[in-house]
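Next up, some structures in structure tokens.
Here chain A shows up in two complexes: once beside chain B, once beside chain C.
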Partner chain A sequence: MAACMRRICGAGLLKSNHGIVLQQANKYSSSSTWTKSQKALCTSAGVLAGGVAALWYTLDRSVQAKDLILHPPEQDWPHKGLLGSFDHASLRRGYEVYKQVCAACHSMQYVRYRELIGVTHTEEEVKAEAAEIMVEDGPDDTGAMFKRPGKPADRFPSPYPNENAARAANNGAYPPDLSLIAAARHGGEDYLFSLLTGYCEAPAGVVLQEGQHFNPYFMGGAIGMAQAIYSESAEFGDGTPASASQIAKDVSAFLRWCSEPEHDQRKKTGLKALLMLAAFTAISIYWKRHSWSSLKSTKILYVPRKKL
Partner chain B sequence: MGIADMLFKRTSTMALTVIVGAFVFERSFDVLTNTIWDKINEGKQWKDIKKNYES
Partner chain C sequence: MKFKKIYLNPIMKILSSSLIKLPSPKNISLFWNFGSILGICLMTQILSGLFLAMHYVPNTEMAFQSVVHICRDVNMGWFMRIIHANGASFFFISMFIHIGRGIYYESFYLIQTWNLGVMIFLLTMASAFLGYVLPWGQMSFWGATVITNLLSAIPYLGTTLVYWIWGGFSVDNATLNRFFVFHFICPFIVLALVILHLFFLHLKGSSNPLGISSKSFKIPFTPYFLIKDIMGFMFFFCALFFITMFFPYYLGDPDNFSIANPMVTPLHIKPEWYFLFAYAILRSIPNKLGGVIALLMSILILFFLPLLKKNKIKQGSQFNLIKQNLFWMLISIFFLLTWIGAEPVEDPFIITGQILTILYFSVMIKFPSQ
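Let's look at the complex of A and B:
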């Protein structure tokens, strides 16, 4: 920026940038007047801080390694990276998987049908989706509760009336609410994808209780949920082949959207903010150099008065 | 009288320049960043696929 300004405005505006002047100014920089002990103190403080950070990191890693859990590998999501938006066709398929498979046991009580408008479905489609469920409403004029077809403002239906009913129907294991699950688990959608596709035979020595299944990505390995996703276990409206990994990928991306519906807007605003801040950084560097130019190009000397 | 003097010498013209400049900059910056965003995420956003579902 400073170089550009000099080219545009001529050298007059930026006299302090001449190499010689800078060299002279460096001679009077405060860092060159440090004593040896000051330098030694500063160096040892830096080394100490670095050592403490390295030790803390190592200890933290070893603590993480003690759990009996397989950490999920990072997948190449369409929305990965600083500027990647969700793949909305994938989100739409993910909603279909949630509706056909997950919703049988899992609630999603913090997501409303209207939030799908302009994300995965049109308004007409959302109205039709919502009308498929029956919602308890009321009280009416006589004080009785009644059932009515769902509206876009209704939440996704819960399969069980409360947690106790859910536990009673699932061997005491509570299928967690999926509204914020991608934000609530380490690894987010990577974890969800690995968990859904990671079911395998329990290795020798692992004893499972009645109704438990083995999944190396689940803490402790014994999970109450049976493998739910197989090839063709869901049907896609857009004709995408429903392989197990495709189903798991789409529903994991959909659950990430549920946890973070502002995701796309956030990254877009981030792009704008970074560009603006980069411009402001350049301007402020130029401004600082401009403000200091008179001082940096002035030699200040202390000349003791000679004794007469 | 240069362009800078013409725009910034009088308070009235300077205020006008700042207001008009802010509007023009904001619009063009938004268009620029939205274009970059749409280019990077071509085919992934709702507006790219909604034609398949609108009757």
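Let's look at the complex of A and C:
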């Protein structure tokens, strides 16, 4: 490998027709005394070592079944890829699924209603959505706490007052907060989609405790959450047929957006920045080549003194 | 006239002699660009870090929430956060290439410059570790627990030292507070060391790809290398922005998006990718103290490279096929160790890590004496 690298990158440096200094320097090279077969052997050893390493790596990736967990297949999300952006109609449906199904057990403590403006809802719609919840506020002038309708600046409501109450209501299992769930799980939205649609009968030999369900995508297989997504288990405002996979897809996309609300803006800004940087890079390459051209084309001629 | 007066200013004289008139070897290649790229990395980290520090709260009850607040509520806060996180990765990529170039061309002959460089490397690693703890995610907490616990391997003093660093009996609020303070101050110490690094570099002059004296043909730093460095910066920012804006969380760990929970240990605790080679070496030694010593030596061995040289000929690997083989072997070992560090502690990864650890130290020791 080293010999190959030398041939690719450094062969020009080792050629003896680059000037007298390099000719002298070449004499110090330990490889100058090597025979062709020695060099060939060395190259072969390098290529073989590289091949073995590549094979090793490939084998390692292919035997990930050792993890005792089913790896979720990659789905073709519209927001995947360099220039992909969220399907906002899907996000709106995902919010509806969250509200109708997930919010019964899961909190979303870092997401505020105002973040939906311009993404899934208009400002008026968001105000109406927020007003559906009652939020404890205060103290008022008399020092008492009071309830008021929600405002866009309020966070999504939590179904339980604290973790203990959540555990008590769910057979000891704590339904995780969903604000960052797509970022916090290996596989992201692919994992969420597979988990929501992957419930099945426990295979022979797997013993589940009371209140547990089997899902091969969940670490260990035994999950406290029952299957929540069925066909028609949610209603979409835009009339899209609510099949189980459609519901799972929309809510997974929505949860990804909740984890990365800046996603679309980030990619848009990135594209602009890269276009500008590419132009600056091209200018800087030209500038560098232009300023170095006289130095690069300089020819140094050695004229022995006696010939003068 | 005015220009002449400015030029006579002692500070301007220093700046002029280090950035304008500095005689530089004509033949240094693009690999020598990584020094200045590291400078721009440091400035990027310091600036983005300053903006993050304006909103970050170093308290266990609020640290995670404050990072979420930065990403969701602060104007362009998400940008500062991902630039800072990915900037650290690019800092280390540039640093590894910079050190690799130093080893390949045996730049460690410039002993003061080299040793200061190794100190900067160590301090940068410390700073990166401290910074990784600050978001107070699961991997932050457990990474801090594992790494600080390494000190308990020191005989007699170990446990006391660990409690002293924690500021209590576990990684807690006091630990987070002091880690934030140290993380804030570290880059400025690095900056001071960088100035010294440059001072000693400019005292003797840069090495060059031929490994011979370049006194016969030197050119002024400005405009030639200034323009070349600007070109390097452009390439660097292209790469940084590409990763940061399109794959910002690719180099991170999903576990760190869950708030630190001392009652739930993650399945695989592993550090950020740039520490994985050292982490693999640590895990390869069955004895705790031995592992810690091996971990330290994997970096400190860089100090010994100039001392391990047998002959006095200033010559790098460029004309020595054996050295080239050893060098590329070292690079392969580094990548393989990084891979092993990310794998679970089970066979065949344990034995592979042990073999690679032996090879790492053997090649490092053998390289200068060839």
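Following the convention adopted for this analysis, the second predicted complex is superposed on the first by the 234 of 308 C-alpha atoms of A that agree within 3 Å, B and C clash if a C-alpha of one lies under 4 Å from a C-alpha of the other, contacts with A are read in each partner's own complex, and residues count from 1 in each chain.
Note that a residue touches a chain if its C-beta (ideal position, glycine included) is under 8 Å from a C-beta of that chain, and two chains touch if they have at least 3 such contacts.
Computed from a predicted structure; not experimentally measured.
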Checklist entry - Looking at the overlay, does A:Leu180 come into contact with chain B only (first), chain C only (second), both, or neither? => result second
Checklist entry - Who does A:Glu262 touch here: chain B (first), chain C (second), both, or neither? => result second
Checklist entry - Just chain B (first), just chain C (second), both, or neither: which does A:Glu124 touch? => result first
Checklist entry - A:Asp238 contacts which: chain B (first), chain C (second), both, neither? => result first
Checklist entry - Looking at chain A, which partner touches more of its residues: chain C or chain B? => result C
Checklist entry - With the two structures laid over each other on chain A, which partner does A:Glu115 touch: chain B (first), chain C (second), both, or neither? => result second
Checklist entry - A:His88 contacts which: chain B (first), chain C (second), both, neither? => result first
Checklist entry - Which of the two partners, first being chain B and second being chain C, lies in contact with A:Leu275: first, second, both, or neither? => result first
Next on the checklist: One more residue to check, A:Leu295. First (chain B), second (chain C), both or neither?
Outcome noted: second
Next on the checklist: Output the chain A positions appearing in both contact lists, the one against chain B and the one against chain C.
Outcome noted: 271
Item to check | Complex contact set, residues of chain B against chain A | outcome: 29-30, 33-34, 36-37, 40-41, 44-46, 48-50, 52-55
Checklist outcome for this item: In the complex, the residues of chain C that touch chain A are 26, 65, 68, 71-72, 78-79, 82, 209-212, 219, 223-224, 227-228, 230-231, 234-235, 237-238, 241-242, 244-246, 248-249, 254-255, 257-258, 267, 313, 315, 318-325, 327-329, 332, 336, 339, 343, 370
Next on the checklist: Going by the contact rule set out above, which residues of chain A touch chain B in the complex?
Outcome noted: 78, 83-89, 92, 118-122, 124-125, 238, 264, 268, 271-272, 275-276
Item to check | Residue ranges of chain A in contact with chain C within the complex | outcome: 1-3, 5-6, 10, 13-14, 21-22, 25-26, 28-31, 34, 39, 42, 46, 49-50, 53, 57, 60, 82, 110, 115, 176, 179-180, 183-186, 188, 219, 259, 261-262, 266-267, 269-271, 273-274, 277-278, 280-281, 284-285, 287-288, 291-292, 295
